[in-house]
Each structure stands twice: as C-alpha cells, then as structure tokens.
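Below are the structure tokens for one structure; questions will follow.
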Amino acid sequence: MLRLIGRRLLLMVPTLILASLLIFALAEVLPGNVGRSILGQYATPQDVAALNHKLGADRPLVVRYATWAGNFVTGDWGESPVLKVPVRPYVMAALWNSLILAGFALILIVPTSIVLGVFSGLRRDSALDRVITVSTLSMTVIPEFVSGVVLLYVFAVWLKWLPVTALAPEGAPIYERLYYLILPAIPLMFLELGYIARMARVGTVQVLAMPYIRTAVLKGVPRSRVVFGHVLRNAMVPTVTVIGSQVGWLIGGLVVVETLFSYPGIGKVMVESALNHDVPVLEASVLMVAVVYMFANLVADIVVALLNPRIRKGG
Amino acid sequence: MAEVPDDRPTPFGPDPDLREESMQLGADPEMIELRAEAASGRRDLELPGGDHKGEALEADAAATAEQKRQRRYLIKALLRSPTFMVGLIIVLFWVFMALFSTFITQSPTHTDPNISLAAPSPAHWFGTDDLGRDVFARTMAGARTVLIIAPLATILALLWGGIIGLIAGFWRGITDEIIMRLIDVLLALPIIITSILILSLLGKGTAIIIVAIGALFTPVVSRTVRAAVIGEREREYVMAARLRGERSAFVMVREILPNITQPIIVEGTIRLGYAVFTAATLSFLGFGLAPPSPDWGLTISVERVFLQIAPWTVLFPAAALASLVVAVNLITDGLGRTFSK
Amino acid sequence: MASAKYEREYGQHLVDEVLKGKMTRRQLLVRASVFGFSMTAAGSLLAACGGTSTDTSSSPSATGMPAPVMGGTLKLIGPAPITDPDPVTIYDQGGIVLVSQFLEYLINLNDDNSLKPVLAESWTPNDTLDVWTFKLRAGVTFNDGSPFEAEDVVTTMERLLDPNGGSGGAKSQWGGVLSPKGTKAVDATTVEFNLDKPYADFPYTVSNGNYNSAILPRSYNGDILKKPVGTGAYILDTYVNKQKATFKKNPTYWGKDDAGQQLPYLDGLEYIMVEDNSAQNLQLQSGAVDCQPQTVFQGAQALFSDPNLRVDIYPGTGIREVAFNQTKEPWKTGGANLCQAVAYCLDRPAINKALYDGRSNLGSDTFWEPTVFPGSPTPPARAQDYDKAKQLLSDAGHAGGLDIELTVAKYLENPQLAQLIQDQCKPAGINVKINQMSYTEFYAGSDADYYGTTPWIVAPMTIVEWGSRPSPGIYAAAMLLPDAVWSSSHWDNKDFASTFDEYESTADEAKRSELATKLSTLQQTDTPIMLPFFISQARAQKKNVYNIKGPGSIYCDCSAAYMTTA
C-alpha cells in the first residue's frame, strides 16, 4: 500500500514536468502574443514590441521556460502580465471555486448513480433496467450548453425558483453557497449519471455471476445481506475508479458551465489565459488541474485496493 | 495502476490493471471455445512437415464453418435486440438525411429576414432562425457534418490508439511504462486546453477537426486496447505462436487483434458518441466549422441567445443531436448485451 | 487667437447658414458646440435664427423624467476588462465603462454628437484652426485632494503620445494632427494645443470619443487599480478581478445639477462582470442588476417586451466595415465597378431587420450619413438592384460570375452579416466563400510586420467592427485616407485625400458642406468599403433608472443618474 502511494507520488513529478513543457511549447504556436493581447489591435507595432520587451516575452523559449520553472518550484508563481495580479491567489481562488462546484455535483451524482446502477444490475434485462440505462445514457449526451441554457431559463427566469448566477454574495454561509450551485450542478449530473451508473451496473452484473455469490444464495444467506455485503463492495471497484478519473475532468472541463452561469472557475481561467498568451496563469492553472486529476486517481486506486482484500476474504 | 496482490480472477480478468470501461471480453465460455477453435484450426495448416492436405482442408473448412456459425449467431442475436435495432434505425434515418435531405427539404441556406424567428407553421415545420432560414431544412442537413466527422475521427482514434495499445500491451516492460507515462501526461491535461492547442496548431476545416478529435481520443482508446491485449497475451494460442517463433508484429496483428475486436468495437461505439458530443462542443466554443454550415453544435451555439423568444431554433437541433448520440449509445448497449450473453 | 471676435464672426456665419436654409437649428447647436460655444452663447444664436427656440436645458424635468431621488446603489452589468484596466491602453468595453466612472475627459459627447464641456469649460480655435486654446474648469480637485490643473492635461496628452508605449487608439485619432510637445500649459487653467495641421474636428479628439484621453493626475505611473485617482463623480472602492467592482460617491465632486444640487445623486455603483450576453440579459430580467450599458440586439428581443424594463435607443455611429482590399484581386482589376456590383446586391433593410430588429439606420456606403451625423449631405440611397449589379459585374469583366472570399472573425454578429452577404450575392452570380476565424487569429500578426500580416488588414475582403466615432471625418481619417494605418481597403484616392485636408482646415460651414458632398460622392463612387448600416446603441435598464447619459455603448455616464423607488 505504502509502496503504491509512494510510487505514484514519485511518478507525478516527471508527469508534471512533461506537462509544463508541453504547455509552454504549445503556447508558442497560438496566434498572437502577449503584448498584442494586452494592447489590442489598435496599438502600433512599436508599442507592442516595447511591451513585449518589457515583459521579457521576446527572450528565447528555453530562457523563458527555465526562468519560469525555476521560480515556480520555489513558490514564486509570478504576476499575470495581462491582469497585473499575482498568479497564485488568482489561480487558487478559481481552483477552489471549481472544486466546490465539482464536489457538490459529485455529492449529488455519486449516491444517485450508484443506486441506479446497482438496481439496474440486480434486475438485469428487466424493463426497469432498460429504462434506467437508456434514460441515463440519453442524459449523458446532452451538451452542457443546451441543458444549461434550458435549465437557466426555466428555473431562474420563468419560475424564479433558483438564482441566475452560480456565485453567492460574499460572506454567504455555506448552505447559501450551495443553493446557488444547484442549477449549474444539474448539467454536470446529466453528463455523469449515465456513465457512473453504467459502471456500477457492470460491476454488479459481474459480481452476481461469481460462483461464491450463487453459493451464498443457495446456502440461504438473505438476499439483502448478499447485496449489501458483497455486491455493493464489488460494484464500487469500477465505480470508484471512474469517479476518480471524472473528478479531473470535472475540474478542468467546466468552461461551458462557468460561462453560462458566470462562475469564476478554473476552466475559464485556463481558456482565457490560453487565448491571451498569459503564460504564468496558463501554466499554473493547467498544472493545478493536472495535480487534482492525478490525486483523484490515486485516491480512487487506494480505495479500490482497500476494497479488494474484503472481496478476497468475503463470503 | 493498482498493485493488488491477488491471483484470483477479479471481475476484470487476471490482471487488476483491467479496470477500464470496456466490456469484458467474451465472458461467454461457448464463445471463447468457438474462437479458439477457429484460430487453432488455421494454425494447423502451417505446421512444418507432412503433406496433410486432405486433413488440412477439412480442418480449414471446419474452422471457417465455425467462424461463419459464430458470426451468424452474433448477427441474429443483434437483430433480436430491441435496443440495438432502435438505435440502428435512428442512425440510418440520419444517414439518409445526411445524404438526401437537400433534395427533399427547402434550402438550408436561403435567408429571408422578413420572416426571421417565426414560430413553427405549415410553411416552416420547425420555424425559422434569426436570418429567416428554415430550421427543419437546417436540422436535417446538420446531420451531414456530424456523420462525417464523428465516424472518421473515431476510426482514426481506434487506429492510432489500437497501434499504441497493442505495442504497449504486448511488449510490457519499459516500452509500456514510457508509453503509459506519456499517455498519463496527455490525459492529465484538460481536454479543453489540448483542443485549443491542437486546433490552433493545425488550422481550420473539417479534415482538421477529424484529426484533432481523433488525436484527443487516442490516449483513452490506447488504454482500453492495452488492457484487452494484456488480458489476451497469456492465453495458450499466443504462447503457441511465440513458441513457434512468430514475429511480434505477426502475433499482435494476426493472433491477438482478431480476438480483441469485441472490446474495440464496443470502445469504438462509446467513442463515437463522445465524438459527436465533442464536435458539437468544439463548434460551440468557436473552433472549427465555418458558416453557413447547419452543423448542430454550431447552430446551437449561435442561436442560443434566442432561446427565450424563439426556442425552436435551439431545441430542434439539440433534440436531433441527442437522438443521434442516444442511438449510437443504444447500439453500444445492444452490442454489449449481445457479446456478453 | 481672436476668441471674442471669432465667436462673433463664426456665430454669425452659423446663423446665416440657418437662415439660408442650408443648416438646421440642431446642426447649428452641434457645430457651435464643437467650436466651443457655451450653451448660453449657442442659445442666443438660436434666438437670432428666429422661430421657436429649443430648450437647451438638460435637467430631468425638462425632458419629462420624474424628479431626481438621492441615494441608492446602481448595479451595472457588462463584460470584465480584458486586461488590467490602464486607461492609457484599454480598448474594450469593460475597461472603458470601468474607468469612466471615476475618470473624466475634457469634453463629453451628447447623444447627437454635440459636445458638452466637462473638465474644459470652453475652447476656441485660432483663425487657421491649428491652435486650439482650452479654458479649464477652475476649482476641480482629484479625489486624492490634489488640484486639477493644466499641467495634468499636458502630462496626460504627452503620455498618450509617447512613441514608446503610448496609446494606439489615441495616436490614431491624433495622427498628423497632434504630436508630442504640441500640448502646452499657458497657465494653471489654460491649455494650448498646437496642431500639425488645421483640423476643424479637433475637439472631438479630446472628448470621451477618444476614450483613452481620460485626464489622469500628473503623478500617475501606471497602477490604476492601486491608485484610482480621478476627478469623476465616483471613487473606485473595491475591485475583484473578473468579478465585480464597486464605487462610492465622490464627496468633493465638482458637478452640480441645474438646481444647484451637488452630484452624484447615487450613493454608489456596482459593476458586475459577466462576459456572456445571454447571461447578462437573464440577470437583468431576474432583477439582480439594474442596467446593462451595452445591450446587444441579438437575443435582446425579450428585454424589449419585458414589462419591468425600458430600453433606450440612440442613433449610434458604430459600423461593420465591409472592406474590399484594393491591392488584392479581384478588387484590384475589378475596381469601382466590381465593388459597386457587390454593394447593389445587398438588401439593406433585410439585413437591418435580421441583425438589429430593424432598429439601426441604413447606410449607403458613405460616412456622411445625415441620420447619424446631422448636417451631412443626403447621399443617393442604395437599394438592392440585381440588374444593376449584373451590369456592373459585366462592366468589370466578370459577366459569368465570380468567386470571392470573405474573411470574418467569430465575434458579435459578424458571421451573421457574412452569411447574409453570401446569400444575397448568389442571384448575381457572385459566390462568396466565408473564411471564419477566431477573434484572436483575426487580429494576430507577426511581430516583425504586424500590419503586413494581420488578416483584418491584409485579407481580400473583410468585415471589421468599429465602435462609434463622433464625426465622419474621424472615421475617414482612420480608414479611408491613403496613409491610414488601419485601412483594410487600402484605398488610394489622391482627390479624396486633398479634399479631406481642405475639409478639415476650414470653419466655413458652407464650404465644409460643399466639400462633404464631394467627399461623400467620391466614397460612394469608388465604394472601397460597404457600410450597410449604422448601428443604433441600446441600453436596457429597469424602469426606475433614469438619466444615464451617453449614447449607450461604452459611454455610460452615471454622474447624474438616479433611481426612483417606484
């Protein structure tokens, strides 16, 4: 177990280094440059060149990377040349917002999808199974920009049951913050429900086919004990794994939801910094999202490993 | 990957690495036997020594007959599956529309601002959009771009991902480690960033989008293929081939690949659904298709500002998009159920 | 300078023009304001014209609005500043709306593009229109207590004109007109602008129409958010990047209303930053905010019919320039015939209906458009005429039809305009292929040669959006003159250039009118660019919000705004 954790943590380092290099190199090929992004299309080329020189954006790629990397690992994340604010608080605040939204969405998604998945697995091929599978799968394919707009209009403008933005006023208590997050969490629910429920279903089906389960049933162990004792734990294996990989996606892939609901999350920060050539912010935000993704996967794998011995001993 | 010291089969085969979303390979024992027989039947022909032409021909015929029986069995099962058939019919409907809609509907590009944002009526079944164009015509024609982009992108992803997965899964060892680390890096980067960067690098146009989406999905496909390959490489027929001294490429392509077609197909249909979704999202974010393309994603992103006063401009393309992806998922579901019966 | 004599002479000249029927009273007011006439002086000119005099008072009661109410916080919604909002370099709506709440200009534009004195009390040119003397308002202080004096104006202008890092936007309006060291402080309240050439439209270039020319204290060193020092009605209180800015009222603001009440009426402002137009509309409809300074027509139809909202519309001067690059084919050999052929394919009312609900003003491919620049000569209208288009096409040597490429950014309603042009050119045999690119790509260019490589300048045919400009001359200088650096059409007409110089160097309104007709005709004949419309500006607000000034869009002057409780 400790070996597992240690190895994975160690592996994160080269992964992050490679990722940062990739981002730096690829940011080079985006059209435009940071001086032009700051000054706009009406600035004279001399003004732009002067600003680029002042920001050090005209130094060779290697020098820029080395300087940035050197500062980054010592904790100096620098200042955004475009926004003129320190990078770390800006990125971490956005990351925190995204984590809250993703976390809240997961709290809604995970129990629901596990219940749906296990149910449909237990009643495999029944009408209920079909309905659950088809409807959850259908929901996964609705793009967030469609479901988000429809939900916004119906619940926030027409019915006025929920607020139009996702960000509660400052200093609002936690339950109020969550109230504001209900609407943006729903498109996310649609997207993930089918996926996670299917994994729970698969796990359930596979476990039910195991001989020792049949043995237990034949021996007269009550069905509910079988279900809660074994099926659930085994269904968790693929489910937890998938949840782990989705967390990373949820954190970084929320641009559309953030745009629709005016939520200052990390997705928007990444896209804007990419388009504006704001390299310090781009690097910091992408690397943070990568770290979250890798940690989420690691936690998922640890949980799976913890679940497994009980599978082995089970019965 | 989880290092669980467990030699008993878990739900995902002997190697706990196999925790990807692909359906388990041939849990049906009968299927395994049929396939193994077919494979070994072929191999007998190439054993050195002895001119066993007669027996060889018989064995060959038997093997082919087995394969034929196996295929017929599969097709019959599929045709009997309601989910598969419903999905297939919907997809075929859209294929038909993609090919022929411009012959049967009004023009999808003719503008008439005097009737812009008109509600559905007998003249315009789905109403008109902000430039006065017929929404029905545009919705039907919108299938074309999706049906070109998504399948081709998926095939690319299966091709590239398949090659990488085969190499990594077969050779294991240091090659595998390096490839998997690189894949991890790519997967750790948020999709939106990789899309922006790929598309900025490559430019514009339908071909570019196909390549970009194919590239985006390659890492995930390679993980799935690798997992399936790992599951197969310990089987007897693979051992037999290696003992015979076959070249690795031969073993990978001729031996293993045919036996992992099922999870690849399943993965392909899953990716197909996501390809449609991703193409729509990229259009929404402003990358890719040019006007006046009636592509659903592009249309939704442009018309969504009119949702309050002219919801038909958004809801019909959205429903069309949903129906296609649901249909593809139904096909996946049908295939999965059939393969695992 | 002969200011009193000049006033008399020029004033008399204006009155003469009106009496001759060559100029309207409205236009007299505009021109008088440009030349620095005070309102009373202008009023007496009007009286000299005889007939009914228009009430030039701007007090709310005069215009039928309810009486002002003190107090309250007005919530505005709009996009966030793209970058750190340094007034010297901002070019986006978010930045401009933000800084214009606590910074001021020498002059403000009224809705009809006449000029209102703000930090400058009056101004007057010399006889040759190349030295302009501005009298500054006395007794004004910045919100940090330091006095506002001529020195601040000089440093502001010099900073903007700095060749190493000034303001591109300002330099474009002053190109060939005002250079470094041209601004002098004569005394604490008098500034003299020494121009490089006579320029009758000069005052426009130091108004809020030149949005970078906000007056900053002489001590300003580039950190606007850390020290938001200005003379405006509000003071920047808090700023959360990309989210929200709050302002509180400036207790030492110099402004007063007609009744002598000190402004502003409001206690403060909030500027809530939301990028997405749809999301902005929804927030306005749900009552979460009070006003949307720039209401975009696409998708705003619901706002127009919302019983709780009022949408104020102004005849705006924003445009979408459809430029034919005269240095590239097919325009190079096709010439005026080809450009006109495309122009006659357009169904302008239909375009207006599709993009702006019919609320914008139609254009006839000339900047001198009387509906938005009063006093301009009336140009011959351009309606859709396929026969003429085909004839011109054949005259240009393309009787069998033609393939052209239109490059457009995925921004605002530009793609929709492109599709309309594409569809409307088809019946004439002109096949338009749309080359759409992202906003960043459209405005990106190489470092070594930006203007030689960036699509918006070099593509054969483009659609470029321009925010409002206060006069046709300023537009022409920016994009039609042979040496205009932002000319997407690369139009090189020496006749136009020399006529334009004459036009800007005379104060004789009759002569100006004559020259304007010539300039307009030249532009229409060659049609280097198409101007199908002039976009009206709209501002949506709750029904109880009053007196936000400025013709919509970025000029959101809340200094005399108020909210009633009803």
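Which chain is which? They are A, B and C, in the order written, and residues in each are numbered from 1.
As a convention for this text, a residue touches a chain if its C-beta (ideal position, glycine included) is under 8 Å from a C-beta of that chain, and two chains touch if they have at least 3 such contacts.
These figures come from a predicted structure and were not determined experimentally.
K.L.:
Count the touching C-beta pairs: is B-C or A-B ahead?
P.N.:
Answer to which pair has more contacts is A-B.
K.L.:
Mean of the CA atoms for each chain, then the mean for all of them together: which chain is nearest?
P.N.:
A
K.L.:
Hey, how far is the Cα centre of subunit A from the one of subunit C, in Å?
P.N.:
Taking the average C-alpha coordinate of subunit A and of subunit C, the gap between them is 44 Å.
K.L.:
Would you kindly tell me how far, in whole Å, the mean C-alpha position of subunit C lies from that of subunit B?
P.N.:
Taking the mean C-alpha position of each chain, the two centres sit 53 Å apart.
K.L.:
Quick check: how many Å separate the C-alpha centres of subunit A and subunit B?
P.N.:
The mean C-alpha positions of subunit A and subunit B differ by 23 Å.
K.L.:
Where in subunit A do residues touch two or more of the other chains?
P.N.:
Touching at least two other chains: 30-31, 149, 153, 157, 275.
K.L.:
Hey, what residues on subunit C touch two or more of the other chains?
P.N.:
278, 438, 441
K.L.:
Show the residues in subunit B shared as contacts by 2 or more other chains, in ascending order.
P.N.:
As it turns out, subunit B has residues touching two or more other chains at 200, 304, 307-308.
K.L.:
Which residues, counting only subunit C, touch subunit A once they are in their complex?
P.N.:
82-84, 89, 91-92, 163-169, 171-172, 223, 225, 241-243, 274-276, 278-279, 282-283, 285-286, 288, 438, 440-441, 443-445, 447, 449-451, 454, 456, 485-486
K.L.:
Contact residues on subunit B for subunit A in the complex?
P.N.:
So the residues of subunit B touching subunit A come out as 1-4, 6, 8, 10-12, 16, 19, 21, 23-24, 27, 83, 181-182, 184-185, 187-193, 196-197, 200-201, 273, 276-277, 280-281, 284-285, 297, 300-301, 304, 307-308, 314-315, 318, 321-322, 325-326, 329-330, 333, 337.
K.L.:
Under the stated contact criterion, what part of subunit A meets subunit C in this complex?
P.N.:
By the definition above, subunit A touches subunit C via 30-33, 36-52, 54, 58, 82-85, 90, 149, 152-153, 156-157, 160, 163-165, 167, 259-262, 264, 268, 275-276.
K.L.:
Write out the stretch or stretches of subunit B touching subunit C in their complex.
P.N.:
Touching subunit C from subunit B are residues 109-114, 116-117, 130-132, 200, 204, 286-287, 290-292, 302, 304-309.
K.L.:
Name, in rising order, each residue of subunit C that touches subunit B in their complex.
P.N.:
277-278, 281, 298-299, 301-302, 347, 350-351, 353-354, 410, 415-416, 418-420, 422-424, 434-438, 441
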